[in-house]
Amino acid sequence: MDTHKAKRVEIIIEAVMASRLTNALEKAGVRGYSMLPVLGGTGRSGTWSRAGQVGRGEGMVQVVCLIRPERLDGLLDAAFSVVEKHIGVVSITDCEVLRAERF
Amino acid sequence: MLDLALANLLSPIVLSFALGLFAALVRSDLTVPEAAAKALSIYLLFAIGFKGGVSVSDHGIDGLLALSLLTGVILSALLPLIAFALIRVMSGLSTLDAAAVAGHYGSISIVTFVAATSVLQGAGITSEGFMVAVAAAMEAPAILSALWLVSRGEKSGRMDADLWREILFNGSIVLLLGSFAIGWITGDEGLDKISAFIVAPFQGVLCLFLLDMGLIAGRGLRSGAGLSAGLFGFGVLMPVIGSMIGLGAGVLIGLSTGGVLLLMVLSASASYIAVPAAMRVALPEANPSIYLTLSLGVTFPFNLTLGIPLYLWAAQLVTGG
Amino acid sequence: MLDLALANLLSPIVLSFALGLFAALVRSDLTVPEAAAKALSIYLLFAIGFKGGVSVSDHGIDGLLALSLLTGVILSALLPLIAFALIRVMSGLSTLDAAAVAGHYGSISIVTFVAATSVLQGAGITSEGFMVAVAAAMEAPAILSALWLVSRGEKSGRMDADLWREILFNGSIVLLLGSFAIGWITGDEGLDKISAFIVAPFQGVLCLFLLDMGLIAGRGLRSGAGLSAGLFGFGVLMPVIGSMIGLGAGVLIGLSTGGVLLLMVLSASASYIAVPAAMRVALPEANPSIYLTLSLGVTFPFNLTLGIPLYLWAAQLVTGG
Amino acid sequence: MLDLALANLLSPIVLSFALGLFAALVRSDLTVPEAAAKALSIYLLFAIGFKGGVSVSDHGIDGLLALSLLTGVILSALLPLIAFALIRVMSGLSTLDAAAVAGHYGSISIVTFVAATSVLQGAGITSEGFMVAVAAAMEAPAILSALWLVSRGEKSGRMDADLWREILFNGSIVLLLGSFAIGWITGDEGLDKISAFIVAPFQGVLCLFLLDMGLIAGRGLRSGAGLSAGLFGFGVLMPVIGSMIGLGAGVLIGLSTGGVLLLMVLSASASYIAVPAAMRVALPEANPSIYLTLSLGVTFPFNLTLGIPLYLWAAQLVTGG
Amino acid sequence: MDTHKAKRVEIIIEAVMASRLTNALEKAGVRGYSMLPVLGGTGRSGTWSRAGQVGRGEGMVQVVCLIRPERLDGLLDAAFSVVEKHIGVVSITDCEVLRAERF
Amino acid sequence: MDTHKAKRVEIIIEAVMASRLTNALEKAGVRGYSMLPVLGGTGRSGTWSRAGQVGRGEGMVQVVCLIRPERLDGLLDAAFSVVEKHIGVVSITDCEVLRAERF
């Protein structure tokens, strides 16, 4: 099977900031991403869980973005501008993808 | 007054909250799924809004509605200033954290409002149907006050168009005002069609919602960084002060005894839905565990158990109702 | 006719849909959780199926049931051909996209059906209880017609055993027919036991479901690639044509006024649950935003607001009911 | 007896279960969302607990309550020993797997209990309200017996403080006893407020819950490694044995006919919530598909369809009630 | 701690195709996988979200599969046969796993 | 954008064991993690799905943990002590992170 080098960027960010992040990504030319739910977690600002929550003040989502290596910097700049002041983590992994024309 | 407080403490609603609190404190694995909790909250907002609208369609409107809305907006905008000063006196919180907390106390807790309407209903006291619109009107102004408190010293503002939209078209505001409008438009005929859904089972649904609130509040109290005595005191004192201001305002504009109580409760209660989300966007550096624990772990239970009967007693005393 | 339309437009159900639409268009964060929306839909299918079954157990069955089922299957299979021709005339869609859209219009929207039963109930018009089985029977044949339209030119078929099973045992078909059977078997005695659940609160639950439909439709309209005028016209014209064919068929086989209306509504409505899923499996190259926007964003609101009163007026005119 | 069994088999509740089973076996995509299933279960636990508490507040308590609780605890602790011996005789399961299964049969299935109360209600037979507390008391002891059966040969225990807490403050125990307490405290006045929520729609909600149980059971039967004939036989024989022991105990301590039936059903039923979770923590090597398939796929349907009418017949015969 | 080289394959695929994908994986000898929910996303075919959705026509899931490197090709062939005509993305990452005997 | 080497550890573990795992992680000095839902899966012990489930006996979650490379061993020891007897899988991936001071 033909695979191609790409980057897998996974950004865990506050749910209230998610649409701002994806807007920034889209402006930076990112063509595709997916959003996964996060149930809870722990970090420097304490522990949280979505169980039983009604409000949107607490809680995070994970945005996953597969991207060509050469587009990574643009993506990270865009992401950083949004996460900068906010809690959350960003990881970048080397990966291979099928159907490279999609990225 | 004591009778009233006891009756309130021993109502299924308050006991359900206590059960949730207990379960969280003993670390039971009891949880209400997030989707179910949100569904309950949609139900409550829809039902309370609709019934308010129907009541307005029954009694017609007059200047009092506009006056009450205006009063609500002013209270919501001013209460944060008082709260801010009080926090700064009672605790060592930074400007940022104090402003974030203050914003919560200007805004409102709709479930506290709902609990108060249940108490009124139990006591056979009527109230103005439009108070639910006043509740919606009081959600947002406090957020602006909080941001103003912070940005006084800053160059760049903290509001942008997106945030404006998010605050004004917040889901609970839209649903409350929308169902209020639907109730108003469809009136008693509309209510007839759906009262088996929004009236009859209402108290029972509220029990489950309060069970969930107890679970969340208990979890917050357990894991939250312990509050200082000063902050804890603020969480109990501020609602009392807020309610007194609400009392004055309500009497001044001529609300009925029930309406006065509801305005007191709105003034006394602290937001735990709209404001925390707005604060995370606009004041991300403020520590959420402080305002969430205060609002949900201290002020909400206080209002639910002791506050509402106390306010009702005061409202009846002052209005003679 | 105008009275009817107005009464319909100002019913809590339609206004709830409008509220959802409004909330989505102003990009409010109001959402019904997916799990809650699915639960509401399970409730509605179970209730409507059960009540249909009870009504059949009350009135007994005759040849009309079988005839109606047959008519439903034929309508579902033939309407896509008409829809296909109409789309090709009115828009520049490819064969593939046109066939995918056409499949939706042969199949049915159960919530439109439910809304129509509410209108009938409000107007005090009875209908054949088995119409709910006709609804179930009309879900699937249209899918086969759509696939046939595409595969005429192709060598390899697009159906496999898995897809057959998925279409025939689609959740909404199974639940609708299953609860219909349960209602039929248990009859009035069964209904007595659960009517406080499936009858009394039904209209209220429907309001919340329509709120959600409004949210989804509004989101689709906002983000969906704008429809061409031709497609938009198709989304309004096709239900009217469908309803007229349903009217003819209903009168021909001798349904009551209520039954005729329901057959019209089934013919007029477009699927947004079963068919989109089948199309994603079998016609993945077809553009989903076209058929979803048309079905949920154009035809559903049209039927809900103007269509149903129009069809009822026509049904009464023709049947003299 | 036959009448009773037939009436039971043709009740909406049992038919809803059958529908779920059917849907799963034909691999329909029908599913109840997890959050909705959990919400239904919270509703059922809250309602059944509350009503039990109200009934105790009506009739007062006497020594029988304490005696029944004690009996329940003893039954829950002893039944696993009998079950263990029986499994070892009837099948070739390892000690570990046999102990894990045995633990399930000492504990209880609350939905079987609820179904039995529905049958009692339908037959106009009253029962002791506190039986719901007995149900809660029987959830946990069986777990300890199962662990004891395994750890006899082991050096290190399998219990730690966390597990103790998890077992004792298991969500269903806390909710059942908590709502029981609330019902007890608030009595008829409390019930009046929320009966439109917890009484009227109860049977209907139960139908949807049983639909879900049927779906899960069917999925388990389909994917689960086929049970040996011996195990299958155990899944049918053990509840009958359990019920007979429950019958003896109930008559001995002087429960009413309804109370005896409920104790029989508790003894006969097998856990599918609390015990499986505890077993995954404490006996991770035991094969979950065995105990889940037995409990949910064999014993639960047996009790629901044939068991309950059989037990009721026996209870009436023996107590003369 | 003893770790072993493996591949982490993450496939975001339409929910309606998920059972077809896992059937194909199982036929190709894949012994284990997990399925994670996806809340929404954006790609060439537009933006979607599961919020409030009742039907299964729209929406994706992420299938995660840890596998020995030598089994990767079989897995990718199987996956590709299903995703080929469908929307969705596939990424392959080098990873280490504990308890290699499981894969 | 400044990135730093880190490890991405993803542990799929039974939901009933999740709090035991996170407690062990916290004791081992792990400062942050997130928990993601898993809908279903297949492994040596069969197939499971959370759909319609009420009990907690069946079902898994995925704990994601970004960590500095030098802290990995402590984390794995802690994780292994919990997963040892239990079903579930652990993968470790090399990644880059933004804002390394957080890990």
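As written, the chain order gives the labels A, B, C, D, E and F, with residue 1 at the start of each chain.
Here is the rule we use: contacts are C-beta pairs under 8 Å (C-beta built on N, C-alpha and C of every residue); 3 or more make two chains touch, one makes a residue touch a chain.
Because the structure is predicted, anything quoted here is derived from the model rather than measured.
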Legend entry - If a chain touches chain D and chain E alike, it appears here: C, F
Inset, instruction - For the copies chain B and chain D, give the interface type as same if over half of its residue numbers appear on both sides, and as different if under half do. - result: different
Inset, instruction - Considering only mean CA positions as chain centres, point out the chain farthest from chain E. - result: B
Inset, instruction - Work out the mean Cα position per chain and let me know which chain is farthest from chain F. - result: C
Inset, instruction - Could you put a whole-Å number on the gap between the CA centroids of chain A and chain D? - result: 45
Inset, instruction - Find the geometric centre of each of chain E and chain F from their Cα atoms only, then give the gap between the two centres in Å, rounded to an integer. - result: 18
Inset, instruction - Starting from the mean Cα coordinates of chain D and chain F, work out the distance between those two points in Å. - result: 34
Legend entry - Touching two or more other chains - residue numbers and ranges from chain D: 29, 31-36, 38-39, 200-201
Inset, instruction - Would you pick out the residues of chain E that each touch at least 2 other chains? - result: 36-37, 56, 93-94
Inset, instruction - Just spell out which pairs of chains touch, all of them. - result: A-B, A-E, A-F, B-C, B-D, C-D, C-E, D-F, E-F
Legend entry - Touch list for chain E against partner chain C, complex: 14, 16-17, 20, 45-47, 49-58, 85-87
Legend entry - Touching residues (chain side chain D, partner chain B) in the complex: 33-36, 38-39, 42-43, 46, 50, 165-166, 169-171, 174-175, 178-179, 181-182, 185-186, 190, 193-198, 200-201
Inset, instruction - Within their complex, state which residues of chain F touch chain E. - result: 10, 12, 36-44, 60, 62, 73, 76-77, 79-80, 83, 89-94
Inset, instruction - Within their complex, state which residues of chain C touch chain E. - result: 31-34, 37-38, 40-41, 162, 212, 215-216, 219, 223-225, 272-277, 279-281, 284-285, 287-289, 292
Legend entry - For the chain E and chain F complex, residues of the former touching the latter: 1, 3, 6, 8, 22, 26, 31-37, 61, 64, 66, 93-99, 102-103
